[in-house]
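Two complexes are shown next, each including chain A; its partner changes from chain B in the first to chain C in the second.
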Partner chain A sequence: MSDFWPALRDVIVYGLPNTIIMSVAAMAIAVGGGFVLGVLRALRNKVLDALVIAYVEILRGIPVLILMFFVFFGLPQLGFNAVGNLQSAIIALGLWGAANGAEIVRGAIFSIDKGQTEAGLALGLNWLTVMTTIVLPQASRRMIPPFMSLFTAVVETSSLAALIPVRDVLESVRIKTESEPSLWMPLLIAVLFIYFFINYPISLASQRLEKRLA
Partner chain B sequence: MIVIVAAAQLDFSIVKDSLPDLARGAMWTYAITAMGIVGALFVGVVGAAMRTSNSRIARTLATAFAEFFRNTPPLVWIFFFFFALPNAHITLPAVAAGTIALAFYQGAIAIEILRAGIEAVPAGQREAASALGLSPFQQFVYVVAPQAFRISLPALGNNLIALLKNTSLISAIGIIEITGVANDIIAIKLSSAELFLTLGAFYLISVFILSALLRFAEARLSRYAV
Partner chain C sequence: MAMVTMSHVRKAFGANEVLKDISLAVDPGEVCCIIGPSGSGKSTVLRCINRLVTIDGGEVTVDGLQVTDPKVKDVDLRRRVGMVFQQFNLFPHMTAQQNVTLAPRKVRGLNQKEADDLAMRLLAKVGLREKAQQYPAQLSGGQQQRVAIARALAMEPKVMLFDEATSALDPEITGEVLAVMRDLAVERTTMIVVTHEMGFAREVGTHLVFMDGGVIVEEGQPRAIFEHPQAERTKAFLSKVL
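Up next, the complex of A and B:
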């Protein structure tokens, strides 16, 4: 048990930065990709709609773990340049996050009254100007709570990277317990609390904000 | 162009050779999903009943359970039940540890969904049942619960679909379900892209079937809905 504190220090020093880097980078891809895909849906073009829907349904229909394994183990076999463990995890999490982000952005855009777009077009503004200066600023506010809960999901899902493996908090625990199996219980409880203290404030704030915006 | 070159390098005979093993893995995936659904619904119903009860202790316990599990990763819970519990002299087989972990995680989410469903049933329903002389227990079982379940079903269904996908995480502690079987084959044959594409298709089809079943259940339950 005396080994616990130094072990926990290593989990936090070496593992936590990777967990945070993966979550933040994947979330950036999710927001960026989500906006692009969501706005494409707003164009109401049948071909684009079909492509985006296919992307969203496939990425949300397969487990993220399979996607991560495919990016890390499968793509090099198909002649793509191999990318590192951390990059593979970020790519897989980001692609999955973007599919969820697309649904959030689409939902928010379509929740804005159609009269807003019609009024903008009637004033002679082009579609892109209407979208960027009238619709998106209003829709963005409504996207904040769901994007916050998506972030908590991304943080949780980043733990799967331990399986390819990225040295995140979970993989750090596994490394420590190789020589000292009795550390599994205390270290995993500590890791559960690390995730909880990151996610709980965000999900609480998301619920509060959602009630206020409603 | 890249896609065509890449596709030419795929050799699906490896999948064909492993079909019996993959089929056995698929059966386990479905069995674990079925057990997980039963477990998650049990946790969800008990938790939601506690969450909406008059007892402050029951409410606090259920809220703490739901919030803690919802905000922590299911994979860590799978590791916890499989690797950490032996420290406390409780050793579970991989299937049991994985299924319990997923039932608790998905059950915690179900608690919140069912609570919202119960609170969405108009107060007049309970008052009318009370006026007809039904006991509080009868009011809940015959009047509130059926309506709450119908209201909750779409969100509950998404949660159960997430459970199906999350069974893939159990491969981290054993090789019995389909993702674990595939990893085992890959370790021997050193060829992975074909297997992961096959797995992706397997999960997509399974999710499609489960969501079709859930839509059927929704339609049945709303037959008499006003």
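Up next, the complex of A and C:
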């Protein structure tokens, strides 16, 4: 056990930053992409609807791990420039997150009473102004709780990147146990605590926001 | 020249024919009240005027603009038409004053100061000057609807549409909204009012339209229709509501 603390230190120093970078970057793509796709749905254009629905269903329908492998191993074979391990994981997680984000944004937009849009249009405002000054400000409050839970899901799912591999907390554990297999159990338990201490504050913040926005 | 004209307007939602051959003319300064049972197409008539609903056939003009002409921009049409909704539809994330200033700033291009001054003047007109900084949730239903009227007036429309403006209000506070509408009528604002308030239609209205089943059954002088309805359906309806 004397090896445990130095090993845990390495997991935190080398692994945790990548876990956090992946989660935050993927979440940024998820929020940005989700807004664009969700607002496109609000246009109620049949072609755009079909495209966005196809994207959302496909991305949500395939395992994130396969998506990561596809980006990392598959795309170079199709002639795309190879992207790094970390970048591949971020792209895959982000694309998956954006599909979920699109549903969050769409759901929140459509939950705003139609009368709000009608009142804005009747005043002579154009569609974009109605969306940005009337609908989205109200809808975005309703998006906060589901986006927070998406965030915790992204953090957890990012551990799949260990298989590319990306040196996240989980992969750091595996590296440490190559020379010291007895560290598996204590380090895995430590990793569970690490994830818990990332996600629990997000979850708490979400509950608090939910109460404040209610 | 009439401010609003409709000729042979038809509209169906799927298989449901909501308007069947509606023709109507409303002159400047008139208060045209539309009464009739629910589902008779009254609200749809209003929505055809500002393009919230696109019609299937016929013609609508507002202040000389052809509503069915695709070259006529939404904004040019809607600047001329103010609308007040049954559910108020105030923007809940904005104060009363912000509700009123939004469209003048974005559509009429007023600066913040001009828009604020206009809003205060209009809120004073509806008796809510001291509520300018309150949010809709802090106001009663009657106060919210008066803010909504001020918001519509801020576009300085040529005609005001009221879609059952008092139907969502408790009976004891409909009066404050009707009083504001009465003031507008006195100022000779052109108004088209879908209402269940027979007293208002009779005393303030200058033109009464009775609709049923997507057609105009009877129209004319309010007093004449209330006292001597001609059509059987009008008689049946009035005997129920009066």
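Convention: the second predicted complex is superposed on the first by the 204 of 214 C-alpha atoms of A that agree within 3 Å, B and C clash if a C-alpha of one lies under 4 Å from a C-alpha of the other, contacts with A are read in each partner's own complex, and residues count from 1 in each chain.
The working rule: a residue touches a chain if its C-beta (ideal position, glycine included) is under 8 Å from a C-beta of that chain, and two chains touch if they have at least 3 such contacts.
Just so it is clear, the structure is predicted and the values come from calculations on it, not from any experiment.
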Pick one for A:T132: touches chain B only (first), chain C only (second), both, or neither. neither
First (chain B), second (chain C), both or neither: which does A:I66 touch? first
Between chain B and chain C, which one contacts more residues of chain A in the superposed model? B
Quick check for you: in the superposed arrangement, does A:S111 touch first (chain B), second (chain C), both or neither? neither
Return first, second, both or neither, reflecting whether A:N45 touches chain B, chain C, both chains, or no partner chain. neither
Touch test for A:N199: chain B only (first), chain C only (second), both, or neither? first
By the touch definition at the top of the document, which applies to A:L123: first (chain B), second (chain C), both, or neither? second
Which chain A residues contact chain B in one complex and chain C in the other? none
Chain C residues touching chain A in their complex are 50, 52, 74-75, 78-79, 81-83, 85, 87, 89-93, 102-103, 106-107, 148, 151-152, 155
Going by the contact rule at the top, pick out the chain A residues touching chain C in the complex. 113, 115-116, 118-126, 129, 133-134, 137-138
Residues of chain B touching chain A in the complex: 2, 5-6, 9-10, 67-68, 70-77, 79-80, 83-88, 165-166, 168-169, 171-172, 179, 183, 186, 191-193, 196-197, 199-200, 203-204, 207-208
If we count contacts the way the header does, which residues on chain A are in touch with chain B in the complex? 58, 61-67, 69-70, 73-75, 77-80, 152, 155-160, 162-163, 170, 173-174, 177, 181-182, 184-185, 188-189, 191-192, 195-196, 199-200, 203
